[in-house]
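Shared between the two complexes below is subunit A, which pairs with subunit B and subunit C, respectively.
On to the complex of A and B.
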């Protein structure tokens, strides 16, 4: 089964700014002015991650010209960590006495998908996946499945979002996952451990029908859990290309999810060596490392299809296809193949 | 493509495995006890469905004494292993196999033991590495040797029912041949205080669907089902416990923490499930209801049941007075309890019920009933964030 579907709109809130120099420290999402898009209650009451999600999703539906949606699938590796830290801190400070409930409600990982259902009055399918580097991938795959089901929807709102709060960043640092600031640089040149934490919120409308404004076609979504060798990753890429009747030489662009952690990136280094002539970008230089960084990579691919990458490659200034290859902590490998046609 | 349940596993306040839980259900023996294991000031104030083993005892039972695992992972591993073995499965074969687990608490119970030290800037273990919901899923997948498809669902109290839906669809669409689906959640100070802050906890054993109900008793546990395609189940001669004949997955889209007055989302979920199973409401011989015991849930769920079944409401019960509300594990625990009802043709009692809710007047089953013609069982879940889910299990 090789279902495919169309990306009819996409919106991303991310740290990416095409003219920004490489930054040190945490890569924070560049937040928009929420007021024109969110209502006063949402502006006042919702935590930052939910705001980013509601904003990206609302923009996305508007761009697709939709005023309703039949299904929502969301991936978030960590969900609302902000709700956890606030409620936990409050119950410790109050010694479990008269703790305000709001942060507890906001700590629910399905808060974004639930609030979207509420806002859009969507009574249909509603799912939230919280699995590390497979969170967005499962949401995207679920969207593809839904569109092919006999009684399935015509459009699915698919999202991937994660927030790196200062507390979460401190915990990552304490656990040894953050790169020493002296060693920061392009992820592909890293020879040291640790990553630069990032964040972002990306939503897209995935549809069974092509429309005049269709941005890209999702041709394949694969995940590979805990491969033992780089060869397994290479074989997955080879199988995916074979299913698409392509050879490595046919690839116009590969977006690689090197994290900057030298050990975790080893298998991806071997994989990219097996695609020596394909133009490539390392998307975590722009968005940092987080569970749902591949959602940003899909946004980047769509942007590259539109030709916003004059600096990218003289050979393919307007790529027609793109393979995203990602790893998260050397356990979650994923592959998303997109075309523009 | 038909989807069969070929293995079940469960650990809960009812006991360490499916046979003990079955005994408890038959004897009407609740697993609720005064809260005593979780380190919280709420001890002495509430009853809960705690699993009767310490973390060390669970680790010994799992033969993993040195692995330093969270309670959520230990519970999940024990239940998933039972389901796997019970399905007659061993080392990995060539069938495309997945593991879809649900959790809402993840490693929160471990993180909260160290959070004060973290705030005080004292050294702590790297609890962030086991905090997330995916941690238990990855450990269990690796131990069972499942690598073809691995993911984690969190849709609050509908999580593991929704994991069952995804697994079913992946088999129906031919993406997988076999999938272990379910969920695991350990009790934590965090969740106890969360529900306490919402004033949703009943200090005494809960009374679902009773006019005098006061709220939830939280519980903990894990349950998993092995789902297989008809072809694979037949080919290896697996014993089918049940056929997963229908599902419905919707959102109530009414309020972040409360259900709509007529349980609209739940109605839709039940209707979808019946339609996919190609069954009339009258075909359902037992309904395992969500029935948390809160004022809001039991009145709105009752209205939804009335809307779908009108005056012909099937025998129904909430089994939460046996297990407590196990949050992310609840949908799978109740799926296993529904499969046991179907297999043994028994209808489980709704313990502690005395007086119907005036709004809908529904009276649940109050004693163990034998139901010789039981062919189809419906199980429902509802959650904060609006998630609603209904599953139909049918005689294979």
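On to the complex of A and C.
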């Protein structure tokens, strides 16, 4: 039997519903007012990504009715890039002499999980994964496995978060990874190189037990590194569906991670052609491309389960299952299967 | 209040990102590391040593001596003034 677990709450800070792409060329997260959730010391000392993570995690725990958590697993491709920039800038400005300690402390990839542990007084398992396009998936897998341990926790706080700062966006642009503003459009229609950079912070409470308010069940998480052909990706999808005793016709919704880069999306286009009748949505139109965009996709799937998919398909206004298929730079392919039952 | 104290107050508010603090409300004799004052903590103490180095060229070599200097804005201003006078005399 494959490990599965229940999502009992989820909160995401994302660019969803933002009109930013037409204006800025990158999708910026719609940040909340942090003051009701973060204390003054956290507000003044915490860089943007850590604030986003602390806020999303705190809201998530509150929604789940939990005042403590047994374990924390977080995925982040880059950690707090803003903190890193400040640290590096001061290092250069001060000629590697005395530099402010706070940006250094906060720039570390595990700053979010560490700050959360301090805030929640969680002395249990605490792990951060920085596995590029597999960062969130690895944190999610770790959470699933923790819940199967004989003396494991009952609930795990799992998160995925990354930010795109102006400097990072400029570096991506220099490297030719950003789409020209005049080529912006829906990712599924793109036939040009480059992506629309995005960002977001998503946390969920993953539990071993179903509760009255359970939002979804995580049934499977798979990763595939650098497949040579689209067939390998198609075979992974087919194997995952077989394990779940499903056929492609049984899928209510597929969330596809086309990035808008025509070369990187080739294999996903072949995969979606193999699922011709399945209602689909391209989640990076909402959140942009970043290492942990699949965390946002999980949030979107839960939202669709709740009935926000009526505009997608008359056949499945309330989907009962959803397969997320993602690619990051044609290297990191991941597959997350969720159900609502 | 001396110009130096006023300057230090603004530098601390800016570099420590004390977002809700109005400079006019800061008592220069209040303890820096106490909630009756600015409520700073140990990480802020490190940030203060960076301010001393960056803006006044003072290297903290004996942390034990800093307890008195870091007591309030005025004691910190006195420490800087004494240090600068000693540097000129040398």
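To be clear about the criterion, the second predicted complex is superposed on the first by the 333 of 341 C-alpha atoms of A that agree within 3 Å, B and C clash if a C-alpha of one lies under 4 Å from a C-alpha of the other, contacts with A are read in each partner's own complex, and residues count from 1 in each chain.
We adopt the following convention: a contact is a pair of C-beta atoms (placed from the backbone, for glycine too) under 8 Å apart; a residue touches a chain by one contact, two chains touch by 3 or more.
Bear in mind the structure is a predicted one, so any value in this text is a computation, not a measurement.
Annotation for the three-chain superposition on subunit A: subunit B and subunit C fit side by side.
Looking at the superposed arrangement, the partner reaching more residues of subunit A, out of subunit B and subunit C, is B.
In the superposed model, A:101 lies in contact with both subunit B and subunit C. Of the two partner chains, subunit B is the only one that A:125 touches; subunit C does not reach it. By the touch criterion stated above, A:43 is placed in contact with subunit C alone, subunit B being left untouched.
Look at A:91: by the touch rule set out above, it reaches subunit B but stays clear of subunit C. Of the two partner chains, subunit B is the only one that A:226 touches; subunit C does not reach it.
In the superposed model, A:149 lies in contact with subunit B only, and not with subunit C.
Closest CA pair between subunit B and subunit C after superposition: 7 Å apart. Residues 97, 99-101, 105 of subunit A are contacted both by subunit B in one complex and by subunit C in the other.
Interface residues of subunit A facing subunit C in the complex, by the touch rule stated above, are 40-41, 43-45, 94, 97-102, 105. On the side of subunit B, the complex with subunit A involves touching residues 40-42, 103-104, 108, 111-112, 115-116, 118-119, 124, 126-129, 132-134, 137-138, 141-142, 147-156, 162, 166, 169-170, 173-175, 189-190, 193-194, 196-198, 249-257, 264-265, 268, 276, 383-387.
Residue ranges of subunit C in contact with subunit A, taken from their complex: 15-20, 39, 41, 43, 46-47, 49-50, 53-54, 59.
Partner subunit B is touched in their complex by these residues of subunit A: 1, 72, 77-79, 84, 87-89, 91-92, 95-97, 99-101, 104-105, 107-111, 113-115, 117-118, 120-132, 134-135, 138, 142, 145, 148-149, 151, 168, 171-172, 174-176, 223-226, 331.
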